[in-house]
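One chain, subunit A, links the two complexes that follow: it is found with subunit B in the first and with subunit C in the second.
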Partner chain A sequence: MTVTISMSADKTGIKSQNKLRKKMRGDSLVPYLFISPFLIFFLGLFLGPAFYSLYLSFFRYAGYGASTWVGLGNYLAVLEYPVFWTEIWNTVFYWFAHAVPMMVVAFGLAVLVNSKLVRFKNIFKPLIFMPQIIATVVAALVFQNFFGTQYGILNRILGTEIPWLTDMNLARWVIVALLIWRGLGYWFVIFLAGLTSINPEVMEAATIDGVSVWQRLAYVTIPLMRSSLLFAFVVDGIVTMRLFAEPNVLVGKAGALASVEVAPVVNLVIENIRSARFGMAAATGWSLFILIAAISWFQFRLFQQEEDK
Partner chain B sequence: MKKLDKKINRREFVRLSALGAGAAILAACAPKAVETATSLPAAQPTAVPATQAAAASAPTALPAATAAPVAAQQATTITWESWGGADRFTPFIQTFGKTYPDTAKWLTIKAVSGGAQDADMYQQLRVAMAAGGEELPDIFEANLSAVPEFAARGLLPDLSEKMKPFLADLVPGALKVASYKGKIVAIPSQVKSKVWYYRKDLFQNAGIDPAAIKTFDDLIAAGKGFHEKNPDSYIMNLSSQPAAYWYAEILSTWDDVSFADETGKWLVKDNAHVSTMMDWMKQIIDVGIAYKTDDWSSDWQPAVAAGKIGSFLIGSWMTSFIPQFAPDQKDKWGLALWPDFMREGSEAGGSIEGISSFSKNMDAAFEFCSDFWLKPEGAVAWWQLTGLAPVTQSGQDALLKQIPTMQKPADMKDSDWAVAPINYYGKDFMNTIFESMKHVKVFPYDMSFSAELPILQHHTEAYIAGKETLAQALEGTQTDMQSQIGNPYKI
Partner chain C sequence: MTASIRKLSESNSKPRWSNIVSKVLTYLVLIGVGILSIYPMIIMVINSFKSDQEMYVNPAGLPIRWTLESYGKIFQYHNGLWINLINAIIISLISTVVAVFLCAMAAYAFAKYRFWGRNALFALLLATFMIPPEIIIPGQYILFARLHWINTLQIQILPTITPVLGLFFIRQYMIGIPNEILEAARVDGAGHFETFIKIMLPVSSPVLGAYAILQFLSVWNAYTWPVLVATKAAVQPIMVVLPQMVDPIVGFLPVWGTIMAGATLATLPILIVFIVFQDKFMSSVVVGAVKE
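Up next, the complex of A and B:
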């Protein structure tokens, strides 16, 4: 009888263990079910096409009809094309020339607005953010009219005929100005959010210790804002490497792409697609991806070194 | 007691899903053949040796359009695709219905937008071809530069038989625009001839007669004299980044200009005409006879309105734009042929209406196109809508008869009628445009012109800016075309 009871107990125990196992398996699957819509779209609409484009980059292919294996031919053609390097240089220039002043000004504005010096914060915040809500193309068209040579508003005010948009050495700086003007508000908001998340007691402690405003900024605020700054520089770098609208709308005419002297590297991808050279477009795109990855890695390393110090 | 089964590792789950989905997508999305009745090249992306690839992608025989009369009177819907928004088509379709009410009883035309520009539409056509051709429109508009690619790839059928009744009536330029390798592959809808629009008052003030300008040196001298007598104006505008159509306008002057031969051998750097083109552009800018603003820049239109630009050496499509730019300069603008030394040629040749070889309504599509562009009533109606000159002699004759007695349409505002071309330029302006169409020559586009042009532009601009010598610009153009395009007769 004891055996019977213990056998029953064993069966019950095994059943409940199986139930528990099933429940735990189900529980562990549930999170994946929740993220599966994203995963499906990510794989189907991003990762899958990305790998397909990598595959295409080894072919000469018009998007339809026959394709011809060319191996690394497309990559070699891109690397030996002077226009590719000119446009890479343009893109890196736009990144560097706009990112540094934009981040400095955005950070400075965030520090000011967050401080007790500035009143009416709720007026300044939306004002500074406003350029961000204007569509890129609209902003570029407004800048185009503002910087026109004979009939531009700026030249009318100054009484000059400076070829802001026809002299490419000047046009690139107008593009930088547009990037700064549009991007400032977004990073201001990001930095402001980061600053408000700093524990005020840390600041109070620094003040009590007799630290000056500038020392507090340099040795307390900025180190505590490191993650926000890293995020800002990395994301802004990625976005700038994919720049397209601002230079082409500002300097291009009647839908034509901008001149090579100011064109970003994405223009080469677009030109290849338009002329039915998908293999070349894919090779250019993947070359750009490698560049973006390298720049992002460099920025991570830079911030890591600063943190280690 | 046994251990519980190991939980599914998160990393493994994601890895397996990615591999599985990626494999499925790659298998599903491999380039596939576009199946047609003709021998289009197979599209499996296998490692094809170069010689086989050349044979596989060589232009194939064009599919012949059937001439058998189908039941064209049955209710039929055809799709018509162009760029610029489907709303643009509405007045065209309505006008077609009014001009051919009997046809409109059974034929419905559905507009399809091909995107903002022609390049966008061509991309849509390529995608539709890659997807098997089912989504292709019955009719699509295209510029001449796109015809070689689509004709070689089998999208444009041979319409030579269908076009026979209309051949004698086509103006010479129209036949060139619609032809590919000796076959007629489309219906010509526009011939873009070269027209010189000039300010009559400013030219008279400077003592310049457009017809007297025969050579490039004459043009330079006239430009200097024009600016001397009209200090606030220039004879033309041209910037250090000339508009893309300048290149075809000048290069099409000559018969023997081709960037490469069909074997893929590039001929740019040794072609005297290409160097002449680059040199002319640079001289016009360096000498200072041109107002330095680009076509379509924000300064261009105000400059026209302010009288800064005394003339345009441009395509015939400019007819409708000058009245919009400068409505108060009515009666001041005249039309002439381009100077003798570059009178021949065209601005990008023209446009065609292509009937897709995948269309299930080819006869209905051809009837629509021939009614609208090849018959005089349709051609006049088309002109009234778009200002584009008829491509047939009968259409031109019918238009010339109607112009003297044309009245303001009931639905047109008085202000718009005042600046309608026949009132703005004078009722004889079409004579010059028809005359210019007799001088149309077509640049021998290959399948890769859209890739060649940016390279040519880049080095020409570098030469104009003094960053390259002429030899460097020519060498650079050829080297880059060679490395980036390979054989331009194979995409």
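Up next, the complex of A and C:
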């Protein structure tokens, strides 16, 4: 969600504000006073700790006593640590495995709800969106109850004892199901907003020309929505890199972290802090940042290409 | 022109069999998805009316014995799960009020004043969007540990009170507010802060409300940071406690009845607010995401 915001709207309204500004110029300290509370907290609680994390990543530090300069040692240790790669791979797996089907279904549902076939849009829209407002932890717990081996709802209905959450090869797919369930409504509403912004006359022109529903979808709707779809996929990737609650609450037992086989990469940051390896935790975090920056860069390039077209 | 086109296209689509079939299929798909969407919530509520013991025997069906026993247990678990519910409410409410106020104040300056460094500062703030909060955790943890704030409520509130998204979101709205309104107030002799409180805040209330919803939900939902820094029951929010609730005697078995009762209590207020303000909810999500 975050990276998309461009500065294009900045220019609006500047001219009309000149008049007011002339009047206000006398008190040149005033705007700084308005900004300072936000800025002071932002520097103290966000940017300061961010730079401190960067600084820490070059030291061995246990939270007390002296810290030892290790240069790039922490980063090398992270890169050589097989668990880091397992968890990176898990996280990327969660991104692709849930985002692709979720985007397709969310888009399909948006097309359906937006079509002339459907009345009661005001019922279906909030209904499909609703899982989004359920807290992640609550959703993960309900899924845990549903997919439990001995006391699970699904196994009880089927009369089986399939180890949905204890066999990690199955568990990773349950995590994917949870991600799809909770995320679907969000993207559905966003795609629906995009679809309603398509000029209806374009659609009507296509209808008049005797174009079938499928052709309209393939030649009008999807090309117009192409960039939104790509954008959604990449933004979802950035959010997925920060995944933590879903796999751990769903698969981890009684609030413990999930086993490495299904763990996302943020787990490594948390584990390092809990064992007081702050330098390692910071280095892991910044490695994650590099990954996110790479995805964002990819997104940026993609959009340049889209705009060139 | 468009009216005649509409008539034409309507006359084209007389009820044909293919049309009826696709209509039925469409509704079937939508109803199916709708059921999948609310089914987990339904089992959550239904299972909250079973006892913990019944959940081991009958997890799937309707309660054999409808009981409020699990809700009663909420008041007994640890020192009472209601403490954790109240913690979550305190944390989310304070965070929302403070964050919206700080963002609105800064947004007002960025939107309506010209000052040295304005654009550079704003660009810099936006650039920090790229930094995922998770990587700051080691730095934040040490900072708060030095202040001896581990296991407090403020450690869960403070890192959430300066959301750059909120600043951006509110500033975009404020730019669109006509200056004449502000000028009138200034002419009447209102001070800068007075103008902000008495004119700007009320006029911006739609965007403040929309952002407040986003902020409240994101703090209510938080897990990564609270699970790390709140390890004592007295300061934990409900989201941290719920996954840890196990049978006090056996040790590892989740007490599903009590968990579902707690989950229902943690969900119901938000669900009600959502049903009442659904359009506002959904549009604030969309604006938060696709505003360009």
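Rule of thumb we're sticking to: the second predicted complex is superposed on the first by the 244 of 309 C-alpha atoms of A that agree within 3 Å, B and C clash if a C-alpha of one lies under 4 Å from a C-alpha of the other, contacts with A are read in each partner's own complex, and residues count from 1 in each chain.
Quick note on the criterion: a residue touches a chain if its C-beta (ideal position, glycine included) is under 8 Å from a C-beta of that chain, and two chains touch if they have at least 3 such contacts.
These numbers come from a predicted model, not from an experiment.
In the superposition on chain A, A:A177 makes contact with neither subunit B nor subunit C. A count of residues in subunit A touched by subunit B and by subunit C gives the higher number to C. Within the superposed three-chain model, A:E80 lies in touch with subunit B and out of touch with subunit C [touch as defined at top].
Applying the stated contact rule after C-alpha superposition, one finds that A:I153 touches subunit C and leaves subunit B untouched. Of the two partner chains, subunit C is the only one that A:W286 touches; subunit B does not reach it.
In the superposition on chain A, contact of A:M103 is made with neither subunit B nor subunit C. Of the two partner chains, subunit B is the only one that A:S275 touches; subunit C does not reach it. Contacts of A:Y52 after superposition: both subunit B and subunit C are touched.
Contact with both subunit B and subunit C is seen for A:S28 once the two complexes are overlaid on the shared chain. Once the two complexes are laid over each other on the shared chain, residue contacts for A:S67 go to subunit B alone; subunit C is not touched.
On subunit A, the surface patch touched by subunit B in one complex and by subunit C in the other comprises residues 17, 20-21, 24-25, 28, 32, 39, 47-49, 51-52, 63, 144-145, 148, 151-152, 253-255, 272-274.
Subunit A meets subunit C in the complex at residues 1-10, 12-13, 16-17, 19-21, 23-25, 27-28, 30-32, 34-35, 37-39, 41-42, 45-53, 56, 63, 109, 112-113, 115, 117-118, 124-146, 148, 151-153, 156-157, 181, 184-186, 189-190, 193-194, 201, 204, 207-208, 213, 228, 235, 238, 241-242, 244-245, 249, 252-255, 266, 269-270, 272-274, 278, 281-282, 285-286, 288-289, 292-293, 296. The residues of subunit C lying in touch with subunit A in their complex are 2, 5-6, 8-9, 12, 22-23, 26-27, 29-30, 33-34, 36-38, 40-41, 43-44, 47, 55-56, 58-60, 102-103, 105-106, 108-110, 112-116, 118-119, 121, 123, 125-126, 128-143, 145, 158-159, 161-162, 164-165, 167-168, 172, 175-176, 178-179, 182-183, 186, 192, 196, 217, 220-221, 223-224, 227-228, 239-240, 242-246, 252-254, 256, 259-260, 263, 266-267, 270-271, 274-275, 278, 281-282, 285-286, 288-292. Against subunit B, the residues of subunit A that register as touching in their complex are 17, 20-21, 24-25, 28-29, 32, 39-40, 43-44, 47-49, 51-52, 55, 59-69, 77, 80-83, 144-145, 148-152, 163, 165-166, 253-257, 259-261, 271-277, 280. Across the complex, subunit B meets subunit A through its residues 1, 4-5, 7-8, 10, 13-14, 17-18, 21-22, 25-26, 29, 31, 33-34, 40-43, 45-48, 50, 53, 56-57, 116-117, 119, 122-123, 126-127, 129-130, 149, 153, 239-241, 243-244, 292-299, 302-303, 308, 448, 450-451, 454-455, 457-458, 461, 476, 480, 483-486, 490-491.
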